[in-house]
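One chain, subunit A, appears in both complexes that follow, with subunit B as partner in the first and subunit C in the second.
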Partner chain A sequence: MDNLGVFLQIIFWGLYAGCIYILLATGLNLIFGVMKIVNFAHGEFLMVGAYITATIFFLTGINPYLIILLSMLVLIGIGAVVERFCFRPILGTGKLNEIFLSIGLIYIFQNGAAMVWGDSWQSVKSPYDGITVPVGSLFVPLDYILIMIFTAAILCGLYLFLKKTTIGMQMRATSQNRKGAMLVGINVERIDVISFGLGCALAAAAGTLWIVSGQVFNPYMGSIPAIKAFTIIILGGLGSIPGAIIGGLLMGLAENGAAFLLGGIWKDAISFVILIIVLVVRPTGLFGEKGE
Partner chain B sequence: MHIKHNEMAKYGIIATLAIAIAIPFLIDSMFILNLLVLMLIFIIFASAWNLLAYSGQGSLGHAAFFGIGAYASTLIAAKSGLSPFITIFLGAAVAAFIGILIGLTCVRLKEWFLAMVTFGFAIIVQTLTVSVLAPVTGGWDGIASSRLLSPSIPGYQLIEYYAVLAITIASITAIWYIMKSRIGLAFLAIRENELEARAAGIDPVHYRLLAFALSAYLAGVAGALEIHHIGYLTPELYGVENSFWPVTYVILGGLGSLAGPVIGTIVLTIIWEGLKATGLTFGRYIIVGIMLILAIIFLPRGLVSLPEQVREWLKRRWKKDPLPETAGG
Partner chain C sequence: MKYSVLFIAIILIAVALIAGCTQQQTASAAPAIIKVGVIASLTGPASNVGTSMWQSAQVAADKINADGGVTLKDGSKAQLKLIVGDDESTQQGGQTAATKLITDDKVDILVGGYSSAVTSAYEQTIAEYKVPYIVTGASSPIITHRTDIDTSYIFHHCTTTDTYGQYTTTFIDQVLRSAINKKFNFTADRPLRLALIYQDTAFGKGVQSAVNDTITKNKLNIQLVAQQSFKMGESDFRTQLTAIKAVNPDAVYLAAFPNEGAPLITQARRDIGLNTIFFNVENNDNAQFYKDVGQYGEGSIIESRFSPYTAPAGAVADAQNVFKQSYFAKFGTYPDALGASTYEGVFIAAKAIGNTGTTDKASVRQALVDLKMPQIIEAMKDQTISFSPDFRESTFDLWMEQLSYNATLGETRPAIVWPDNLKATDFILPSWYVAGSSS
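Moving on to the complex of A and B:
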């Protein structure tokens, strides 16, 4: 195997992993932008989304790429409930409370999933399993390419939603100035619910794409990707969606590079090493932050 | 955290101490004694976490200090042949030193960033333990740790219980002194308003680091005690579970109060073991999660404030007061 081949392989793995992180980080950013809260339990929504897709797939055998929309819809509902009954009562009571509340959510979702679906590792076999596409000297699984296309499509859809629809514009207004938005008659609480639901739907998309690539999953799978997504938005700037996209790709590349150079065990730790180094140099994140 | 009913608190403390001392004679069960020892250890751990939160810093990776104390103490004991009763405090000193190092990166960070860095730090330490440090630490398999007392001593479990109880009382007394001293006031001032604290001549960086060092030290003591009690340690000590438990105990008991971690740990341990008896596995965590969320929303000052809250609710009901009283302090 020549060096170039290895290099390309790492790039492709990185891009693919990056897609998952981008979706997660964008969802977190959406929620942060509008509500100014950070949900540490975001990865649990990824996990639930993955399980919903897997369950429907096991029951019906429909192409898992088609289930993605359904899974996202379910997660909008779950997200709305969580926002309404957990986060809304504590809005504005201090940032530490959000962190603690997320821990409660993590307990509930992880173990709820374990009760419903069991806690063993499972996997889904993609209908395109084993099909590869030649890219230069490399054979890339078709699934990876589909995942990148789906991620791009979802992000474009989100962009159009935020730019063109009334609700999207209301969301942007709320995120820019909450009080101002209230003054012009926007129901900010409704916008909160929608943003939280959309953020969760993006996590469900990430979860679905995660498992269709053949990755194994269990109820505890969500924490680490979510924390990495969180690292990404700290690096890329809280509330900045372009920052999340660039950060997500870089994170995917960095961790796959590190796994190759230092050994697989470092795959998770490397993102935190990067995080700590960056925060030592710049305590406000790479691109600073405008919010609080 | 002023105590309104000083007398009540005093009797509460005396009663708790009396029960703690008498309980091995009341309940003749090695299983429960073992459970009590672990509970005491977690009271130290939760109190350590609470001390850091008292200065406004919420850590999500306290398992790192718990584990570092455990590993350092075990290795020092194995290399030097010293008694675990001495190495516990040496191992905790290592945890405190590393706590200062990680504190250096954290002191200027905001809540979310700090939570992230501490969470990540626990993962980094775990990774280091099973990779680079594996020749010393035994990797994922772990290593044996010398027991606090040799099981050949008759009644060693009883002596161990009282030893751990003494260390717990000493730790809580130390935290009490810290909280009511100038240092504690400085922690509070920083937590409430950093700018004003600075104007009053308090150096936030200095005091935040001190909080990190003290908290890491006590967490290290707790970790070392646990593994010398169990006699074996694995990198699982650094797991998320161990980082989240102290948070759960403290939030439920009452954040920022001295009694909070103690009450939270005792209540939750009883509930936890009670639920275990009913055969629940995953359900236990769900119940704890729901309790945690309910506490955050409806009882933000924890179980410690429950009597006060109940009194207020009753008062309002009797008076049929349509307007809620403005909360003081």
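Moving on to the complex of A and C:
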């Protein structure tokens, strides 16, 4: 493998990692944009989504790429319940309550998942395992191409939903001015439920794509990705979906570049180095002022 | 004044009587229960191996108790009571678990400990309370070699990274080299290109250090062409593997936990196209590893002393089989190498307490120092379990296994290929194997 080949391969792995981060961070930003709540338990929705997909796959053998939609629907339901019974009662009572509530949710979801599914590592074998396709000078597994296609499709779907549907427009209005939205008759509590559910569904998509790529998973898998998702939304700009997309891609590329150039132990640290630099140079994040 | 004096006198007499009674009780009463604390990673990245260790300890305690328990100095029998402490695969969790077992549960002896980084974090507590601790999973030699704290109550009953790092490197030099040279018609003086990818912890760095030292001290013609690291619990290794593939190694040595080793090999062969031989540390000789790695494990090598799926012919084969069957009957799966040493650790604890006839911690420590007991389920040096006088380490007989894929099972299975006196089959280079090159 020549130097260019290695470089392109690293870029490719960075794009793949970026896809997972984008979905997770976009969901988190959607929730923050509309409700302005800090949910540290967002990574647990990724974990639950992964387990739902894996469980259905183990029981039925259905192609996991097809299960992704079902997993997202289930997470919309779970998200709606969590929003209604956990976050809504404390909405507006202070960030500290939201933080402690979400930390509590982390333990509840992790221990609940360990009770239901056990806490051993598990893995899922994609039906396309072992199939490679040529991409330029590289031969890459088909699964990674599918993961990128699915990510792009989900983001396009989200874009159309937010731009073209009445609920999407109401979500954007609530995000821009919650009181104004209430004054024009938008049921913001309904929008909160939908936003939270959609955010969780995106996390479920990230979880599903995580496991079909062959990565092992257990009930504690969501903690680190959640921290990274927070880093990404601060990097991209709080509440900005384009910021989450660009931030996710940057994070994926930076992590893999750092692992290659500086060593694996810098993989996680580089996220925070970039975050500090961006906050010092541009405290609102890359898209903090212009974003949606 | 008269009543005050009388009151004080009564209090003093009462205190003296109570103290006397308590002292008499301590002197005469033999413990009917011996509390054995088991520190294991039941949650977190190391939970797979930790669960095997805890469950193996239970099988051992069941066996000892069913056989009547431990005979004490006065001839009475005591039953073992296991109390588990979950270190949560973290240093803080390990500290909490050890402190609770020692101060709240007041255990008589400790067994277990996985992840050298986690175990070394709470060794200070062991030193402070002077509780005998038989470490059966943490493999870095620092566990008993460190000098910043008193480790005299800590005994090491598992292979150290120094030992298996040296053993594996010797196999690479003697067996892999000749197989590659023979198959590809290379000259005998061609340097073997070895890549190393290791967990960035005391465990991984211990393996890295052992490999480097073995090459240097023995002047082996092995060139370390890459040394990549990763964080404990990592699941995406593609970038480091891409860097390794770029330098065209003849083989890759992994210092990883099973939950890291299986995706490492899978990603290397499936995603990167790194068609080489992977060397694994003994903790990967684990049922879940075989399940996770699937067909991508074909051709890989595991250094081992106990396997869920094979055993060397000889004295320990039957004993291993009995243990595996007991374990399977209770838990529906098979134990791993670290489970085996933890199983033995409970027997060693019982033997030491039985030999000294008391649970007095200093006496039990001395009994462990003096211990010489026949090997149990693992093949030991001189067929005897004993601890070295310098660093209190036991010595195991090791072997190397090569994995082959069983399509019916959908998993690989091991066969011993080295040393010659234990091997069931010869080491082979798979047909898909690609030798390394400097260009």
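The rule is short, and it goes like this: the second predicted complex is superposed on the first by the 278 of 292 C-alpha atoms of A that agree within 3 Å, B and C clash if a C-alpha of one lies under 4 Å from a C-alpha of the other, contacts with A are read in each partner's own complex, and residues count from 1 in each chain.
Keep this in mind: contacts are C-beta pairs under 8 Å (C-beta built on N, C-alpha and C of every residue); 3 or more make two chains touch, one makes a residue touch a chain.
On a predicted model such as this, the values are computed, not experimentally measured, just so you know.
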Fit or clash - subunit C, subunit B, common subunit A: clash
Regarding the shared-chain residue A:256, is it in contact with subunit B (first), subunit C (second), both, or neither? second
Subunit B versus subunit C as contact partner of A:112, first or second or both or neither: first
For A:89 in the superposed arrangement: first (subunit B), second (subunit C), both or neither? first
Which partner does A:53 reach: the first (subunit B), the second (subunit C), both, or neither? neither
Quick check on the superposed pair: does A:268 touch subunit B, subunit C, both, or neither? Answer first, second, both or neither. both
Is A:231 contacted by the first partner subunit B, the second partner subunit C, both or neither? first
Would you find which stretch of subunit C runs into subunit B in the superposed arrangement, from 116-124, 152-160 or 188-196? 116-124
Residues of subunit A contacting subunit B in one complex and subunit C in the other: 114, 119, 263, 265, 268
Mind listing the subunit A positions that touch subunit B in their complex? 38, 40, 86, 89-90, 93, 95-97, 99-101, 103-108, 110-112, 114-115, 119, 223, 227, 230-231, 234, 263, 265-266, 268-269, 271-273, 275-276, 279-280, 283, 285
Contacting residues of subunit B [partner subunit A, same complex]: 53, 58, 60, 105, 108-113, 115-117, 119-121, 123-124, 126-128, 130-131, 240, 244, 247-248, 251, 255, 282-286, 288-293, 296-297, 300
Subunit C partner contacts - residues on subunit A that touch it in the complex: 1, 3, 5-6, 9-10, 13, 16-17, 114, 119-123, 125, 129-130, 132, 139-141, 144, 214-218, 220-221, 224, 256, 259-260, 263-265, 267-268
For the complex, give me every residue of subunit C touching subunit A. 42-45, 47-48, 51, 200, 228-231, 233-240, 242-243, 245-246, 258-259, 262-263, 266-267, 270-273, 288, 292, 294
